[in-house]
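Note that the chains take the letters A, B, C and D in the order they are written out, and that residue 1 is the start of every chain.
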């Protein structure tokens, strides 16, 4: 794949927004990495609820987050809001990869790559992605791979 | 009721223990109130799992925490462990009150009073406490009210 | 004091807003009490930053939250936003009490009373509230007690 | 480097332990990824406090976590405890990489690679690691790279 630039707001069509909380701060007085992870989780849940939930519980059952890579790029301070962009950067046989970023205005705070595998609820083993799901992932994001 | 002393370790028979986490700290470098609330929640869940769950899902369905009063008594610092004591201080017609405290060694960090009401899952209205449940609350704690 | 109605949006002049996060949910699929406590904390921090911080670090040093009473009034679900109202309901010699509520649209999710004591950073004992601070508390909220 | 097996308890000399909390659970009734990230943070803080803090604030100033890669390997349930192992898998010119894992008994729940860069507090640019620090990292873990 020709990797998109995850630090560029133009790479994202699907957005959500979170409010920074006082409880997100750590003893260094900036937002803790754990809070940034929670923002990104909200981006993925929003993506799923807006663009995949119409596929029904059957097609959505059995997805597991197996690998999560995040690069922290700038400090974040309270108070304020962040925008979370979520897209698709790889569709494989039984897994796909989401690209994400947290922005404060034009500053990219963090980028992430998140690998999600489809598993059989019965056996726990990986199973192929459904074509309908693959198309929904492409339709939501413009990804053409 | 003749109120027991919630700051006294001898007032509690049911105990659980939590590890203080770095993420519990706030910008003042002491443990945030929210973390202390989470310790107390663990005490109540442990109490329920150890002393009430044998009563079956039927008798446990429909309990709602309606009022929570906490007094913060001492600062708490990372790292270390805390002990959480949980007891019963009132049994009423359709509700009961739990008394709790968080201790670090012999220092009482916080005490709490927590009112739990039994509600009907169908109507959402309060319903009387079952005698079996009342006895289980007394047996677990020695409360005789 | 003639107590104001904490469940009424009209009782509040100072507002903040928080986004509900997926990580706020507990196994019952509704927002955990701990998250509601965090929203209220944001309300108090915003109140302090907007209406008291101009008084300087000197007048603000040494405030400690000693008692927190919350009544949970309605279930809260993801996703969405909440409004947090914060006011003053009592000004005493060395302490004051804040009244607060979390609303989702017109539904009051929870109300809280929070007692804050001024202590000397040196001795740890309570000290009288400054008249300038008392006036700032009244100016921010309209409280006339 | 010849990579060590991060899923093997024998790869770690430095350990910490955390209690699983009810608030770590998500609506799927298993421990949320965010809680697992918090356990790993505790492992790194403990490592630093036990094996690096004697080097003084000067040598420790200016470390920034820049990249965090975690593989989630097994579901984790409440209640219980987890052991967190933390070691060193790479020492570079101005950065080092920590290897970590969360275990429940003999089950590896997650493994992580965490890149930490030394930056100048004044300029924000990366600066070389001190030889004393490099030796402390090796002494604590047995890493010989």
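The rule is simple: contacts are C-beta pairs under 8 Å (C-beta built on N, C-alpha and C of every residue); 3 or more make two chains touch, one makes a residue touch a chain.
Values in this document were obtained by computation on a predicted structure and should not be read as measured data.
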| item | value |
| --- | --- |
| Remotest chain, chain D as reference, centres from CA atoms | C |
| Mean-CA-position distance for chain D and chain A (Å) | 23 |
| Centroid distance [mean C-alpha coordinates] between chain D and chain B, Å | 33 |
| Distance from the mean Cα position of chain B to that of chain A, given in whole angstrom | 37 |
| Sites on chain C at which at least two other chains make contact | 22-23, 34, 38, 41 |
| Category of the chain touch graph - line, ring, star, complete, other | complete |
| In the complex, chain A residues that touch chain C | 17-19, 21-23, 38, 41-42, 45-46, 49, 79 |
| Complex interface listing, chain A residues touching chain D | 33-34, 37-38, 41, 64-73 |
| Complex contact set, residues of chain A against chain B | 22-23, 25-27, 29, 32, 34 |
